[in-house]
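You will see two complexes here that share chain A, one where it goes with chain B and one where it goes with chain C.
On to the complex of A and B.
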């Protein structure tokens, strides 16, 4: 281990702290009370099986190997940090990232849904960000749909033998974007446009979210790659335990 | 290993650029949230819309959360996350140092 690596680690931490002071504004998530009751309940019900599967898969993994608790903690903390950083974007408005990509790649998509729910609860109750009534819908977009896409893309890249860093980047980046596509779709299902219905409405919402989110998705991809590099350097036993690194490398 | 360090450094610089260039490039932009933009869009499509529920904290406070307090809570969130990451990474780094001998 070199001095350089130590300073890189320090830089990463300092960087993360620095970003905590980015301009604060309301961004992302469907706001409290902005979805009709029936939609709130429906999205909540859709999430339940994923959350249950997540709990079961996490318990099973922990039983197999107690040590991966550190990776679970890391993934959860990553979501905490990343989703609290509101970053100015090219469209002149702020938005933040989801951070669920890391967990999806390391632990599998189901486990992340539980971690995402914790963060969303924190934000809904304390920060008036998102909301308790829209919790189901937000959980679905951020903690279910996004991670599943991330996981799918990562596996696909693995099959096609794409460079590992590149595939982590692509997976996290596209998963983040997909979260916003789902949010747009959820809003447009609840508010179909008078002319053109759901599709026209979806295009409108996407028009709001997509340009803002694009650069942020890139940042999310990059940060996820950085964390993965750090973990690959220092936490090989854990990564092997969750199957991220193959035993004989 | 130093190759990784270089990659990390370059990636961090790129990230900083992406994050801060808009701030300087668009001087007169508001940098409000895209949530608010979403809300405006709802009203455009649906007509006047009255949210049927208010955030719990706003109900308890009987008003909006003060901006300073909100940023404090956001920092708490970040702090919890960074704390956990730093703690776990610190342990990993030390472990590697002690298990692979002193080759730094």
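On to the complex of A and C.
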């Protein structure tokens, strides 16, 4: 080995060791303070219409039936708890579900955007995942973009009469992947590469996060399927009521 | 359970006025990410460390452990910042692979370093708020800055439910673990899914029961809780203002004499 190779090897080993100590592989929250101020504000503004739509639809539902408020809150807490628990992962490091895909399938994407905002705020303050300044960007990727894709795919599969398990899997998994793509894009828009600009930077961010995020998306898909099956077995009446929730929109 | 939540209730700064803490956190955060100055980052890290560990009484080891949570994200995204693939080598380093270079410029290495520094400083700001302020105080502050009522109502309810559901979830998971439910990847996926479904049903039932209980006590869409408002100490406000101004001054001075 030449001297240079040795030093490269050393760097790689050091990096790997650091990785082994990095406690949690987060579900793609952009960390506090990582985005420039302009981007923090811009993403927050982008989220606003979705949040407003969510609030309006929620208020409408509440007017019809005030009872739903505890249910909506309970669903929010459910998403938080699910996303805060460590899930088994292939790589051995622990990781977390986003849970918003499940929420979108059960409750519809509009309510999930508002719940997602609250859940992300709580995750920042109680679990130190994500942050206050990056709340807007994280809300867009995890509570708006992901759930909307999940819901869209789920509905599309339903229309095409795809097997239910498969459609839930596809919806949750692709929604998760989309979240990861959006986050990478957000990062690369803020930090374009010196060679090749935003596109190259996007490829790089996608690349570095792929090893943790790809298996995670598959696991999220599988777990969502298992949860939905179990719910169908044990919770028929509740599911029907949620379906009623959807119709009442 | 959630350790951060537990810590903030026994923090020495718990009874400090919440709005002052909130303002301090937000302004310091903004200064950190606008300036991206390493000197400011160092000062902020130190200040928050002293405030949280010394004044707040959070164990140092725990504080360090929390500071390392975003490490995985930080390492990976920094990797993306400082590694370029190009045909032309740049000035910091270049490793030839085939006919391409893995390379980076000094400017972007420097930039990545400032990202890391200001990132850690911002995280310490977040922890200052999280580890020293109770969630009810934060909600009270949000109310004062006119956050929508429905949102606050949901936050209050969700905050309450989180602990109820966490209790239930951890009880179920313990029961499953005792029965070797998390031995292999396959079984753990299965167990986790079953637990989540059971959790959802219990959450549902509880939410119904809770609404009954609320309604029988005259619930009309707003939970009114007594707030302990503690008047802001003039000294504290002055200290925060002096700190922020001197922080900005130091950044300005550092720029002036050309060190970042």
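The rule is short, and it goes like this: the second predicted complex is superposed on the first by the 180 of 249 C-alpha atoms of A that agree within 3 Å, B and C clash if a C-alpha of one lies under 4 Å from a C-alpha of the other, contacts with A are read in each partner's own complex, and residues count from 1 in each chain.
Just so we're on the same page, a contact is a pair of C-beta atoms (placed from the backbone, for glycine too) under 8 Å apart; a residue touches a chain by one contact, two chains touch by 3 or more.
Because the structure is predicted, anything quoted here is derived from the model rather than measured.
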**Report entry** Which of chain B and chain C A:114 touches, first, second, both or neither
**Finding:** second
Query - Contacts of A:41 with chain B and chain C, given as first, second, both or neither - result: neither
Report task. Please work out whether A:166 is in contact with chain B alone, chain C alone, both, or neither, and reply first, second, both or neither. Result -> neither
Query raised in the report: So, does A:215 touch the first partner chain B, the second partner chain C, both, or neither?
Result: first
Requested in this report: Considering only the touch criterion stated at the top, classify A:85 as touching first (chain B), second (chain C), both, or neither.
Outcome: both
Report task. With the two complexes superposed on chain A, say which partner A:55 touches: chain B (first), chain C (second), both, or neither. Result -> second
Query raised in the report: When the two structures are overlaid on chain A, which partner does A:66 contact: first (chain B), second (chain C), both, or neither?
Result: second
Requested in this report: Could you look at A:156 and tell me whether it touches chain B, chain C, both or neither (first, second, both, neither)?
Outcome: neither
**Report entry** chain B versus chain C as contact partner of A:193, first or second or both or neither
**Finding:** both
Query - Contact residues of chain A, present in both the chain B and the chain C interface - result: 8, 15, 19, 21-26, 29-34, 37, 70, 73-74, 76-78, 80-82, 84-85, 87-88, 90, 119, 122, 124-128, 131-133, 187, 191, 193-194, 201, 204-205, 208-209, 212, 219, 222-223, 225-227, 229-231, 233-235
Query - Interface residues, chain A side, partner chain C - complex - result: 8, 15, 18-19, 21-26, 29-37, 40, 55, 58-59, 62, 66-67, 69-78, 80-82, 84-85, 87-88, 90, 102, 114-115, 117-119, 121-122, 124-129, 131-133, 187, 191, 193-196, 200-201, 204-205, 207-209, 212, 219, 222-223, 225-227, 229-231, 233-235, 238
Report summary line: In the complex, the residues of chain A that touch chain B are 1-6, 8-9, 11-13, 15-17, 19-34, 37, 70, 73-74, 76-95, 119, 122-128, 131-133, 165, 187, 191-194, 201, 204-205, 208-209, 212-213, 215, 218-219, 222-223, 225-227, 229-231, 233-235
Report summary line: Listed in rising order, chain B residues that touch chain A in their complex are 1-2, 4-5, 7-9, 11-12, 14-16, 18-20, 22-23, 25-26, 29-39, 41-42, 44-46, 49, 51-58, 64-65, 67, 70-71, 73-75, 77-86, 88-89, 91-93, 95-97, 100, 103-104
Requested in this report: Quick one: which bits of chain C touch chain A in the complex? Just the residue numbers, please.
Outcome: 2, 4-5, 25-26, 29-30, 32-34, 65-66, 68-77, 79-81, 83-86, 88, 90, 95, 103-105, 107-108, 115, 118-119, 121-123, 125-127, 129-130, 135, 138, 148, 150-151, 153-155, 157-159, 161-162, 164-166, 169, 173, 182, 185, 188-190, 192-194, 196-201, 203-204, 206-208, 210-211, 214, 221
